[in-house]
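Which chain is which? They are A, B, C, D, E and F, in the order written, and residues in each are numbered from 1.
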Amino acid sequence: MKFSKDTRPNGVADKETAQLLAEALPWIKNITGKTIVIKYGGAAMVDPKLRADVMADIVLLKTVGVNPIIVHGGGKDITKAMEDAGIPVEFKNGQRVTTDEGMDIVRTILAGKVNQELVRALNEHGNIAVGVNGVDGGTVIAEPESKELGRVGRIKRINGQLLQDLIDADYIPVIATVAIGNDGGYCNVNADVMAGQIAAATGAAKILFLTDVDGLYLDFDDKDTLVSQLSLEEAGKLIESETLSSGMIPKLRSCVTALEGGVPSAYIVNGTIPHAILLEMLTLTGVGTAVYADDANSSIPVGNFASKLLENK
Amino acid sequence: MKFSKDTRPNGVADKETAQLLAEALPWIKNITGKTIVIKYGGAAMVDPKLRADVMADIVLLKTVGVNPIIVHGGGKDITKAMEDAGIPVEFKNGQRVTTDEGMDIVRTILAGKVNQELVRALNEHGNIAVGVNGVDGGTVIAEPESKELGRVGRIKRINGQLLQDLIDADYIPVIATVAIGNDGGYCNVNADVMAGQIAAATGAAKILFLTDVDGLYLDFDDKDTLVSQLSLEEAGKLIESETLSSGMIPKLRSCVTALEGGVPSAYIVNGTIPHAILLEMLTLTGVGTAVYADDANSSIPVGNFASKLLENK
Amino acid sequence: MKFSKDTRPNGVADKETAQLLAEALPWIKNITGKTIVIKYGGAAMVDPKLRADVMADIVLLKTVGVNPIIVHGGGKDITKAMEDAGIPVEFKNGQRVTTDEGMDIVRTILAGKVNQELVRALNEHGNIAVGVNGVDGGTVIAEPESKELGRVGRIKRINGQLLQDLIDADYIPVIATVAIGNDGGYCNVNADVMAGQIAAATGAAKILFLTDVDGLYLDFDDKDTLVSQLSLEEAGKLIESETLSSGMIPKLRSCVTALEGGVPSAYIVNGTIPHAILLEMLTLTGVGTAVYADDANSSIPVGNFASKLLENK
Amino acid sequence: MKFSKDTRPNGVADKETAQLLAEALPWIKNITGKTIVIKYGGAAMVDPKLRADVMADIVLLKTVGVNPIIVHGGGKDITKAMEDAGIPVEFKNGQRVTTDEGMDIVRTILAGKVNQELVRALNEHGNIAVGVNGVDGGTVIAEPESKELGRVGRIKRINGQLLQDLIDADYIPVIATVAIGNDGGYCNVNADVMAGQIAAATGAAKILFLTDVDGLYLDFDDKDTLVSQLSLEEAGKLIESETLSSGMIPKLRSCVTALEGGVPSAYIVNGTIPHAILLEMLTLTGVGTAVYADDANSSIPVGNFASKLLENK
Amino acid sequence: MKFSKDTRPNGVADKETAQLLAEALPWIKNITGKTIVIKYGGAAMVDPKLRADVMADIVLLKTVGVNPIIVHGGGKDITKAMEDAGIPVEFKNGQRVTTDEGMDIVRTILAGKVNQELVRALNEHGNIAVGVNGVDGGTVIAEPESKELGRVGRIKRINGQLLQDLIDADYIPVIATVAIGNDGGYCNVNADVMAGQIAAATGAAKILFLTDVDGLYLDFDDKDTLVSQLSLEEAGKLIESETLSSGMIPKLRSCVTALEGGVPSAYIVNGTIPHAILLEMLTLTGVGTAVYADDANSSIPVGNFASKLLENK
Amino acid sequence: MKFSKDTRPNGVADKETAQLLAEALPWIKNITGKTIVIKYGGAAMVDPKLRADVMADIVLLKTVGVNPIIVHGGGKDITKAMEDAGIPVEFKNGQRVTTDEGMDIVRTILAGKVNQELVRALNEHGNIAVGVNGVDGGTVIAEPESKELGRVGRIKRINGQLLQDLIDADYIPVIATVAIGNDGGYCNVNADVMAGQIAAATGAAKILFLTDVDGLYLDFDDKDTLVSQLSLEEAGKLIESETLSSGMIPKLRSCVTALEGGVPSAYIVNGTIPHAILLEMLTLTGVGTAVYADDANSSIPVGNFASKLLENK
């Protein structure tokens, strides 16, 4: 029964809800004030409804004090622009062959179109996002990786200062994968790799790779081989074992890069699951594959929270 | 499938969980850094299991940045101590008749026994709670309310400085209802009333009354008359209408006192429901009866959170 | 005669140098810690040598504690991209008719190409510049000005927070004239107008319009009619008099906008003169046309500097 | 052509001016916030016009954020006062023989007359200068150097705290060469020596000796032997070589003292050249003789200023 | 002769007063901003007049910037409450045998009655005192000392954070000797011992034991054997020598505990002497027995105060 | 009986001492952190033993947190110097006729000799004092009072900034009565008057005039007419009544000046009484004549100190 303006649904919250909240609070505490890098891509970036949901979740995280950094590429828009301009589209080992002429399209589309549109979508929730590319503040320096790939770049140095300054001023940086070439040109950098290195450079607490699959499969064709959790050491061995399906290797390698750079944990998550980011960060079960740098980071934040709180006094 | 140390349950978090988390985050944001007064009493204080659960929830709130203040009485321990000392136990209009001799027992048992035990229970979670009574820091000044009630006191002045200082130093103040009498003696103050006035004096964002019933019933014998939500104005009219069952009036009056003192919302909640505090504070549905000072306070904190976040920049 | 490593030219600095330095110091003091908006365009932006010089001067200003904000358009690159895409290029009243399709090119080229290249040129001097467009941080909101001009926008609101945050973090913001349309699209905004409004919104001390002419000519064909200095009132009258050549009106109008928004002085300067920015800001003579909000702002900062210095103590 | 109140000279600033300003800015950046000790003496202190010019230049430096400390003696006034009092005036090795009676005159005239008049001249520009002598704040402790020189003192200890406190409060300290004698009396200290030691004690960035000659001459009679620049090591060798004219030795020795005490560079400058201080500090050419502690200090502050600026972030 | 409102007594202050003030000032300087632990007990706590005087002196010390912490037991009230409850009162080696049942009375009476009354008496002078017991903020952890003494506790750990937080918020903490038992129960701790350990844990500058005798007597029956001053080493030997009367040993041992924990000096003082605390802290003579950690701490703070003052600059 | 190194006198401090200390503490609290102006002159400045005592007391006050400013003249030294120079010494209405030639002697002797010697005497206690005259920091501006008195000046403006800056840096300013003349010359200002105005300009809490008499006598020849205390209003009437002996009027007038300028209380004290400054400031009785601005300032600082202490929380 309700008086006055009707704002509360009938009924009372149930027991499961109560339990869930009690479980979620320590995880929230766990990431408040921390930097979280989100590699954004796949269907979650292309599908308008999924995109809006992901944006809302990222803003929610910001709202409760988490500091997200978004790293994105923009394959489809680039391909289309190159086709419009009559430049041949070619990939080698999963990397886009990038001529000088192609590079101009890559950097312009990434920074001027894809990035701008993501920033705008986030800013529907307030003046909260700022677009950045590797040229701004000298953030990413790269060098051409090989002759045959052209302007595809290997990262030489990440300068995390601008990203940190934006976080300190309470913005969400959205970073496009354009880099300053150390030879006077620009470079096109793989987004997974750049996300991993940015996480390391900004001292992020976690990195999430949003993909179109549910996590790491030992055998991609056998859905029962989805891995829930593995250690840095195990991830290393798995990469060397050459038993993984090829699509999984770059993501797992980027997890390893981030962890070796000091990031405590990395996650491969299916971005098409509603609220996948929240579920992975705020529940014990999680939704994808977690890679932990060491046992301490894999332990559940339950128990004596208060004493942890007061330890810093 | 899991590698390494097994810390994540099998399966993935489901859709309902996702939805619930997305809903809870704005509420968490909403109370972070705020002071919440919890009037603690009834079965939730006596039953060991319930007490432990309530303590754990209060520590969880503290952990995510909420500042709880606990206000408690201690009826049963006092009655027992008075009986042991051979002092007659008598109540008038729901208030304990308190002779000078009885007052010495009241203040000693409240501050030296009940308060100490609550502080100890909270401190199982860390060095987080500090016991206080109205004498400490000159926090509560009262005067005897009537001849026939003896040392039962009407509050003259609340000095919230010590409570604020303890909160600033990151403690949970636990306050027993002993007051300094303005005539040289001590006074015994009603816990609901004192909680309401402390909430007003400390600028609390919410006050929760933990009781043994599910909220406010218009007709106590008809469980269908449970009120989910009402306005300050409606609460005032309800009290004047004299249709409420007598046990409900003091609690509703204390809600009104707190709201008139500037507290935006008050809640009457069944403390025996598991995690009742979390459910009331972190879900839209809630579990008991909410009284709102005005419409703005009753509105759901959804929508453009980010812009609120940035407003303070 | 020199011993050791030869780092000082022979001879001694002469009297004119001495006099000049003594004159420049008060002007330097005058702008230290102040925000200066520079509308960048024309030959100074296109010619590689001139561009490098302007960049160096801007970095020098930053070095001595001035906070420059650069505002730029990108006419030539846009025209070329539109032609490449087969979109007709048309101007009305000096404004580019911008269809929805054209707008996608405008915003992509401005933010992804022109802006990025300016940022890169500045960053040759260090990690000092950050590219921004009106979408970032919700900086510029506009609405379509007229049906016939399409996405050409009239500014509704400037939010200077992000620019100020970047300045506080010691960067040079370089801002492209893309705006968020209040109808869900994007808008193309005149760079002179946007520069004027940004100067007003950020509390800039000065605004400089870099052009290809030496300043304001009363009669564009008579080089003797170059105006050295005029007041806000005179500028207003001049615009109304309709005697100015049409190319001069928008610039003078933007000066007026900035001054009416609280900027003390505005300058129209020939960007092709070497070190024009330094000359205009650090010498009494100046190089172009100065418009002053009032007499106080036009007075020369000579005389009792120290007392001014100490006034703030 | 000018409208309104006529404050700008006709014409435009020329190219040489532009070049000079561009060169001066890095030097200004280089000394902003730094302490500069100026040993003041010779004609520049006695001639009213020169004195006023020097004072103005020092105030200008203060105005742009440099922190000057002035050290002065007062030979002529002291000689006159001693003659008036009928005390014989005698010098040995360039030092004034100072009896106890003479010392009373020295300290009174230096602190009460010469110092006061310099302070007053600076304060024509604002409430900016404060007179100090070695007794104030226990700044200079000395001991008599030899029996035959009487109260001429060798410095035992400089306590730079008061000078630093005055600088922190934004004053220009003007210090007279009176010292506390460690035997209960006062001492008369050589101004060049005291300036050098004060520069060392206050961590000054530069020390300038204002003299009546153009710098260091290897052969005082051959104007072509003026040295533009030499290293600390070369200065040491030159002093030992005994080839210098005697008047040059104490100044060069004081340069060496300052450099050995950690001051990066010292200058011997002709105070009668207009704006000599500005020219020496703000131009590459300079006007006198520079002695550098090491190569790093002699290098010209050109190049990548911005990155230096940002290094401290 | 007086005009106006008569507030000054006739006559002028005499020479002895002048001398005394001059002597007291250095001692005042010496303890300003320092923490002083006062073990409160004996007649000075029981006699109403003496108690009021001691409270006033403690508030005076607080007023001039000293930070007192009061530690108290409550023997007489406990004995009475146990007798009222029919629990046998028994002592072994000067310690109260404490059954579980007795412990409930001990902790309730100490924290709920004695502590509350002391806090109230101090708060007659303002809202200045806060009652604390070892449970609050997890301040004191103990373990049962021996089977035969029951709940009498040996201190395992002092956590001084809460006491420091209260001092930082400008309160006088008044602490009752209840401790958290490390076995789930509570413990009763000797007040002298707890005072000594609290002094060590809070970095106190001094600890005073208020007793009913004039200090330490070598032979309790011979008043001429009162010791004015001894070193930590001498105190240690005296305890080992077993020549002291038994009542003196625990106090001297607590002095030693405090000094070994880093407290520079400890005092055994007769609390029945008017203003004994002030006399011991502010005069050279003192009133009781002083134990010094080393010679430096025993030296009189006379001489060059100013230089000490300025040393910290 | 003493062990170890003998640092405490035998015996115990007596009751009178105890009482006195208890009385003095509130007064100490009362002036801690306050500025106190001391007009220094008469025998207390000339007699070496008295001077050393006064210096020690002033340093003691500084030591406990009081901020003294000393204002002094230097009649005898000036007279002697004028006689040595053969300049006639003449007084009119108690003021020294000061020719231009005489003024050079006045300012030189005051600032260069008397001031320096006082600073040195204070600095025997540490690096604590700094000499100042009205020229430093533009502290005192005056204009010639009358033709016949020559350079005797009437104060036009006091700029208290430098004195405050020195106090903030923990120095004792010692100020000589030389002023900047507003006509290009210097002025000689009466020390009582300047002390009063400096007290007003620096927001001093008290001003003390050290003289050679015990205070204000209504009839100088009748020692029984010494006034202990009077109000500002009474002081005004007394001056107008023309019944005071002439030597008393200027001091009383300076008291009035200070009080009218906002100083709460002024004192005329005999500087030859040992520790007169301490007795006047730290005892109820005082030693001289007190003038109070209003009743509130005359009340004794006893009672509820703590609440005053906590009021500022």
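Following the convention adopted for this analysis, contacts are C-beta pairs under 8 Å (C-beta built on N, C-alpha and C of every residue); 3 or more make two chains touch, one makes a residue touch a chain.
Model, not experiment: these values are computed from the prediction.
Q: Please identify which chain has its centre, taken as the mean of its CA atoms, farthest from the centre of chain B.
A: Ranked by distance of C-alpha centres from chain B, the top chain is D.
Q: On C-alpha atoms only, rotate chain D onto chain E and read off the angle in steps of 5 degrees.
A: Resulting rotation angle: about 120 degrees.
Q: Which chain lies the greatest distance away from chain A when centres are computed from Cα atoms alone?
A: Relative to chain A, the chain whose C-alpha centre sits farthest away is F.
Q: If you average the Cα atoms of chain A and of chain F to get two centres, how far apart are those centres in Å?
A: Distance between chain centres, rounded to whole Å: 72 Å.
Q: Return the distance between the CA-based centres of chain A and chain B, expressed in whole Å.
A: 42
Q: With chain centres taken as the means of their Cα atoms, state the distance from chain D to chain F in Å.
A: About 37 Å, centre to centre.
Q: Give the residues of chain B that touch two or more other chains, as numbers and ranges in rising order.
A: Each of 126-128, 161, 169, 310, 313 in chain B touches at least two other chains.
Q: How about chain C: which of its residues touch chain A in the complex?
A: Within the complex, chain C contacts chain A at residues 84-85, 104, 107-113, 115-116, 119-120, 123, 126-133, 135-139, 159, 161-162, 165-166, 168-169, 171, 178, 180.
Q: Please name which positions on chain B make contact with chain A in the complex.
A: 1-13, 15, 17-22, 24-26, 28-29, 32, 56-57, 59-65, 125-128, 169-170, 214, 218, 224-231, 234, 273-276, 278-279, 282-288, 290, 292, 295, 298-300, 304-310, 313
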